[in-house]
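Just dropping this structure here.
Per-chain numbering from 1; labels A, B, C and D assigned in written order.
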Amino acid sequence: MGDIRKIIARRAAAEIREGMIVNLGIGIPSLVPEFIPSSVSVYFQAENGILGMGPEPLENKDGNLSNAAGYPVSILPGGSYFDSAVSFGMIRSGYIDLSILGALEVSGKGDLANWIVPGKKVPGVGGAMELAYGAKNLIALMPHCDKNGRPKIVRKCSLPITTYHCVNKIITERAVFCIINNEELQLEEIMPGYNLADIKNYTEAGFTISQELIINKEA
Amino acid sequence: MAEKNTFNKCTDYKRIKSFFRDDMKLLFGGFGGVGTPPGLIDCLIDSGAKNVHLIGNDAGFPWIGIGKFIVLERAATLIASHIGSNPVAGDLMNKGKLKIEFSPQGILVERIRSGGTGLDGFLTEIGLGTELAYDKPVIELKNKRYLYESPIKADVGIVYARKADEFGNLVFDKTARNNNPYVAMASKVTIVEAEEIVPVGNLDPEEIIVPGIYVDHIVTSTGINWKWIWETLEK
Amino acid sequence: MGDIRKIIARRAAAEIREGMIVNLGIGIPSLVPEFIPSSVSVYFQAENGILGMGPEPLENKDGNLSNAAGYPVSILPGGSYFDSAVSFGMIRSGYIDLSILGALEVSGKGDLANWIVPGKKVPGVGGAMELAYGAKNLIALMPHCDKNGRPKIVRKCSLPITTYHCVNKIITERAVFCIINNEELQLEEIMPGYNLADIKNYTEAGFTISQELIINKEA
Amino acid sequence: MAEKNTFNKCTDYKRIKSFFRDDMKLLFGGFGGVGTPPGLIDCLIDSGAKNVHLIGNDAGFPWIGIGKFIVLERAATLIASHIGSNPVAGDLMNKGKLKIEFSPQGILVERIRSGGTGLDGFLTEIGLGTELAYDKPVIELKNKRYLYESPIKADVGIVYARKADEFGNLVFDKTARNNNPYVAMASKVTIVEAEEIVPVGNLDPEEIIVPGIYVDHIVTSTGINWKWIWETLEK
């Protein structure tokens, strides 16, 4: 599982380009920064009220300087602090270029379920609904299948919905899909070590195949 | 320089205890415990107040922030955006001992702001058609549908600040600011725990984030008295 | 007229007590501060975004430090600057102890008209509606009669309403009235140089007389 | 220290002129001219833009702030809280040359904030039953009636700041802050005139009022180029 998470995070990092304003959710997205080349400078935003978040400091960690998950971070030159109403103002009104969230299920039309597994896991929605609503570009990261080997890219989410029609791209350890116009799920890329059958047999939602399909060879 | 405590707002924890009552609506500042006033949480615990109605970003951790109070089973309800960091809160919810209303995180702070700025709620598409719409009114305008989010106010609010002057002007520290300014605005009685209390005139009028008009009582902090999650993992 | 304005302002100043947060409108209310004894310390708030406003400085006036009417002011120790959304948040939610506004007409039930004389004066409403809505205590100042000698305390306002049922007290050069429960106009005080007939004959709205009526002798 | 103009936001008035177009919706910062960017007002005048839809606190004075543009009769509409300080605006209104919508002052800045923070408007009792209710929707909830105030956004916003860094982080000066932060948030293209532009890293992250994320273009101010009303009276 550890490897799968890193494979997904590394592939997600390739979506991040110079100058972007990026918000990362908890879980797999929090692993993304370690795979961004140091030549690419971006400003990370966190819901609690910081823009220009830098890496966890090695020493002098400060309990009052943390990311949305409560872990210590630093601040880059040009960064700023603000209250969480201002923070969500940015998020809702489309000032975040790219939002990368973990997911439990995603439907072929881009519906995202990531806030609750009724009767089991009760984390609560956090900022996910607003991140999904406001992001110019929303990427969902998750393992391709659940613990029992069942597909997580589904025709219709079985879990309670976070936001309808919001996901633009899905990255798993097996594949990269984009979702065109909240309607068409399209396979863009097959990840190393998998073939089309591995994806077809484990993706419940129907999908088309991009004319520019990328097939990654074994790393 | 003003005399000490000109505004009669500086006080001690003992006197603060009497503001925490059974059945009160309590707004607490903080985000995962960061920016939650540690001394006032202990004071709330000591007060014996029960059947408390809590409103804040999250349930803290079982040993951090509001979580320390929640595990005592003296909260009746909680409005929050998540409880993922406090499994005890989840257990209490599943056992029917704590009623939780989940709200999208930014919508929640905006509801508190609406209460604190004298507005009567706002409209948003966020949450429409999801379980988090609960029984909130749906308003239709020009053929579009919106959820109505009502304003939130509280009887008592607890706030953590870096510095307070004796009038209650507040300055915050980095990400410990988060929702604290709106807690101060939306609470009938606002109690501030400040790392430092300074005489009136010592703060630059430009650096003040919360004007003292919102603050009723101020106590000096004795510092964070819990281990952060990352300290726990390291040691 | 100059004298009348000062008489009204002086009487209004007597309503201000130690420690109050006070907002003053333009016109006669702006004359109030000169009649407040220096022993009484209050914080004046202005809509544009300042609390703890001090008097106009004698020199080094700063165009960026002004009251809501655009005139230079100073700031007292403990004062603060904030944006105008925060400012009106204070105003609407009842953090202003006392608001003193100029008026064109006030009805016996406390309806305030002070924003427009259709076809003539078109100032616009400014912050008056919110000040009237939010103040814990609202005092309206105006000459007792208009230029043509007609009463300005009326049964029903003829001018467009700013806010219904909001005025708590009316101060003119002839009298001080309170309005009890937005219903009962009550004469509290007769100002120096006037008698009950001067007031009765020039007040259109009906009123009761306080059992503790104060009759001020000639100053 | 970052190189000069890393973010490609620092520019000059000549290049700014092209952002001012006929028929645009323009949000302007300032309160009675205080906090209105003098250089950008001149630039707007020079641009020749006409049929402009203005939104801001007031109409300035005929020779101060947005008033300088209004007297040229190139504004088609104005949403503002008052025009008392600009008699020319009143004349134009009475002649049918300028359509004015009056809004309560704090409600107007709140509508701009609503647009700038991605909300869909709010409810308030203020203005209900008065002429200023215009044809705004009335919403009834739990037997109480409220006016619905819709969010305001603009094509272009002009902002006056004390300092900007090259990313567009802004610091304001005293009461010249007023509605400027919300103009920055609610405008598709936000243009800032700053008294001083500093390299990234020169502003304390705590003192920043508007994060640079909202700012698109920055020019250096050449200072106030009008006489304030109190200077006029004195001389």
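Keep in mind that, in the parts below, contacts are C-beta pairs under 8 Å (C-beta built on N, C-alpha and C of every residue); 3 or more make two chains touch, one makes a residue touch a chain.
These figures come from a predicted structure and were not determined experimentally.
Set side by side, the interfaces B-C and A-B show unequal numbers of C-beta pairs in contact, with more at A-B. Averaging C-alpha coordinates per chain and comparing to chain C, the farthest chain turns out to be A.
If you average the CA atoms of chain B and of chain C, the two centres end up 36 Å from each other. If you average the CA atoms of chain A and of chain C, the two centres end up 56 Å from each other. Chain A and chain B, compared by their mean Cα positions, are separated by 29 Å. If each chain is reduced to the centroid of its CA atoms, chain B and chain D end up 33 Å from each other. Along chain B, residues 110, 113, 117, 119, 125, 172, 174, 205-206 each make contact with two or more other chains. Multi-chain contact residues, meaning those touching two or more other chains, occur in chain C at positions 75, 81-82, 85, 88-89, 91-92, 133.
Every pair of chains that touch is listed here: A-B, A-D, B-C, B-D, C-D.
Listing the residues of chain D that touch chain A in their complex gives 1-2, 7, 113, 115-119, 165-167, 169, 185, 200-201, 203, 205-206, 208, 211-214. By the touch rule above, chain C contacts chain B in their complex via residues 19, 21, 43, 45, 51-52, 75, 77-82, 85-86, 88-95, 133-134. Taken together, the chain B residues at the contact with chain A in this complex read 31-35, 57-58, 61, 80-85, 90, 93-94, 100, 102-107, 109-110, 113, 125-127, 129-132, 172-182, 209, 224, 228-230. Within the complex formed with chain D, the residues of chain B that make contact are 110, 114, 117, 119-125, 137, 139, 141, 146, 148, 171-172, 174, 205-207.
Chain C makes touch with chain D in their complex at residues 46-50, 61-66, 68-72, 75, 81-85, 87-89, 91-92, 115-116, 122-130, 133, 160-164.
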